[in-house]
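Labels for the chains are A, B, C and D, by order of writing; each one numbers its residues from 1.
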């Protein structure tokens, strides 16, 4: 049984609206379901109704969707969850991220690799670096993220288990990323346009094998038993995902 | 640098075909790219080309797709990765699974929760129990799965962090599962038909809040730079995903 | 060369906004591209730029999307075009429509069957009858629509080439519609929910064969050469389409 | 009541299989539902069960899908129906088709424009010309198609109501097609790859306005009332559709 404590994050649900709030004795929330004094929540359990609101312990999805402050287009959960899976991330993985953006995916990586893993993330743009730094400070629970303000090109370690590239011109980093990860390790990237796909596919094959391009569409349904049907509107596009695995330059003699 | 050793699993890629094989000195593979003696692979690195084949260290996806022996419709990676995410699984999570099926999702759960976590999984059908037991023995690397041949109804522990139900009539288990998980904990399920959605939505709201119904479509693209386009054929349907979170029966006085 | 005349309909395009307007010497349009006096358009050609606006002769799609006054959810062009096709409509077809709604599909039917065809349409609700009547008067160019305020149950003719049912409980009309159309003739319907699909499929098979259930998704792309990608948002659902063909009750002796 | 006659086309349906056959007294069909002598069908009605078979009068869709002999990738009905609609085709329309391919879309155009309309179609490749010529002879019911073995570049008429381009490099024909159609007239094209989209969008804007890029996905559902769900597999891609409207080069003075 978990008790809501001061400074805890709480998810407040009202119908299909969700709000992520940090608890404070003198703070409150004013929504369509009326006022909610956080001092009334502190000390009570997660998973209760409070007037017209439902009060939950936030999941990683709630944090990504309602916690992360966005200064860039973030990688959405439908893509992020699949990326973690395709990159084979797990307890203890060591991953390189090129382009932290707002840090949403960084936070997901951190979660998936656990306290024994490490995310080394690079962000060149100062404004995004500062924002992602704050997001990481607020939402990473294990100290397993190392955020660099700079260019991965200047980074020298290697032997990483996986890499993800989320920048406008990912191909610039293919050789470098290949140096950083170990043989057979997966690399992923996300790009919004088909033009970028073309540019990626032109060069990715030299140094990487088993190339895949994937698009994930998520469709929500209404939740009324008597009227089962998709929502009227859906997200039409977030990005194209590309995955590959590092091939060593040596070739086995046959 | 990882070296392929006897008994290791290896992914062999030939064009868009993938094969998962366990290494043995006297074993070999005969595919369209010719014969491949495993004695030639043992001792060499992952991530190399060997004739027309590419040799990789398998990811969790390779294991699910090419390793798991299927006696039931498995939960596919596109759904499985999203399920793990929605259930908020991470290092140390404790999860209940109702209906192990062929064990594909069990293996994914095991991977995501790491060595400190635990999956308690139930399978009533003896044939499926035996098959999933073997799959779990072969493909789970941490001893964090407890597979029961029997009915979750007879199970008494509680305080679980999440639950997943993959049976024909998930609603039968709603009350039981609610008892097993802690307040606010997420529950998920997958069903192939809209009729089942109706039946689920009729009763899920008593005891659970923040209900969502989601469908994930995955579309693959060809990987030729000059001809960027989706594949001609795609999977049209795997299942509808339903998620909710446990509401405590008590209601806070407002 | 077509000249814009008083009372003509004109499509005004400004970036991705479209407006359908009827010309009048003393009328004008005020949009983001500035003011447009219709007296300046009258007498000029279709297919010209006028300041920041593009001026086109409206197509049937423009009429459906921007002309039809909607008091109900209309059948959208992506579905309507496919319906006309599946119902095998063509020059001279005679079709029964049960539920005119706002008349959007009625107008499409009228267009497809040409001056030799006939649409017999029924609308029970007075408000919708009046609205669809106006829409039909404004937008049907051939006098080939007969709109009835009443119930198709009271209608006695038969031998129709096709039928379409767009009401909440289409199954009520299956027997009647079957009487009205000739053997082998196609019938179609559209319903928003999967629950209705279930109810339809329970009974449609008695009297109709070759049943199909189809969903059409339309995805728009941005039109910038350097950034080819789908639009961020799309319509997630309009309706499920059901098609079948009338089977005569007699069975040939084999 | 229509009677099946010698030489008529008949659609034979067995479960979810469909066969289009031309009737002949001494011909027969042998399928999974057993043998079917056409002499038994001739003289009987359309829309009857005959043993395990259902016998229907073919629709335009049946002709396109099961009648047209394919030597090229055909334009599928889901796209073809929408194309006819977007091109504003109707009784009496005059349309130019660049690239007849196998003639499937030509046959659809012919059907939609009725006996008063005309399709002028060009096919350069001799093999495709011959095949489409046969398909048009077999399946066009009104003499409203003029198929040319040659290049539309050599064609001189103009004032057409619409144009469709289905060739590998549609941009080659933009200027010519623009000359052939009247101001404001719609032009459409279909291309399989995003690379072609880029090339199209680079030049289409000079001479055409109101550009749209659209993709249509069709998803089929099983037809069992108790198990409403999409089919396991679907077509993942046919082509990207592009539409625009001719802009006159003159610009109205503002």
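In the analysis below, a contact is a pair of C-beta atoms (placed from the backbone, for glycine too) under 8 Å apart; a residue touches a chain by one contact, two chains touch by 3 or more.
Predicted, not measured: the structure shown is a model, and the values here were computed from it.
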Joint neighbours of chain D and chain A, given as chain labels: B, C
Name, by label, each chain that touches both members of the pair chain A and chain B. C, D
Comparing the two chain pairs, does A-C have more C-beta contacts than B-C, or is it the other way round? A-C
Intercentroid distance (Cα basis), chain C paired with chain A, Å: 43
Inter-chain centre distance, chain C versus chain D - centres from mean C-alpha coordinates, in Å: 20
Expected list for chain C, residues touching two or more other chains, is 194-195, 197-198, 219-220, 226, 228, 230
Enumerate the contact residues on chain A facing chain B in the complex. 1-2, 13, 18, 40, 44-51, 54-57, 59-61, 77-78, 80-82, 84-88, 90-92, 108, 111-112, 114-115, 142, 159, 182-186, 194, 197-202, 209-226, 228, 230, 240, 245-248, 250-252, 254
Residues of chain C defined as touching chain B within the complex: 194-195, 197-198
Under the stated contact criterion, what part of chain B meets chain D in this complex? 192-195, 219-220, 226-237
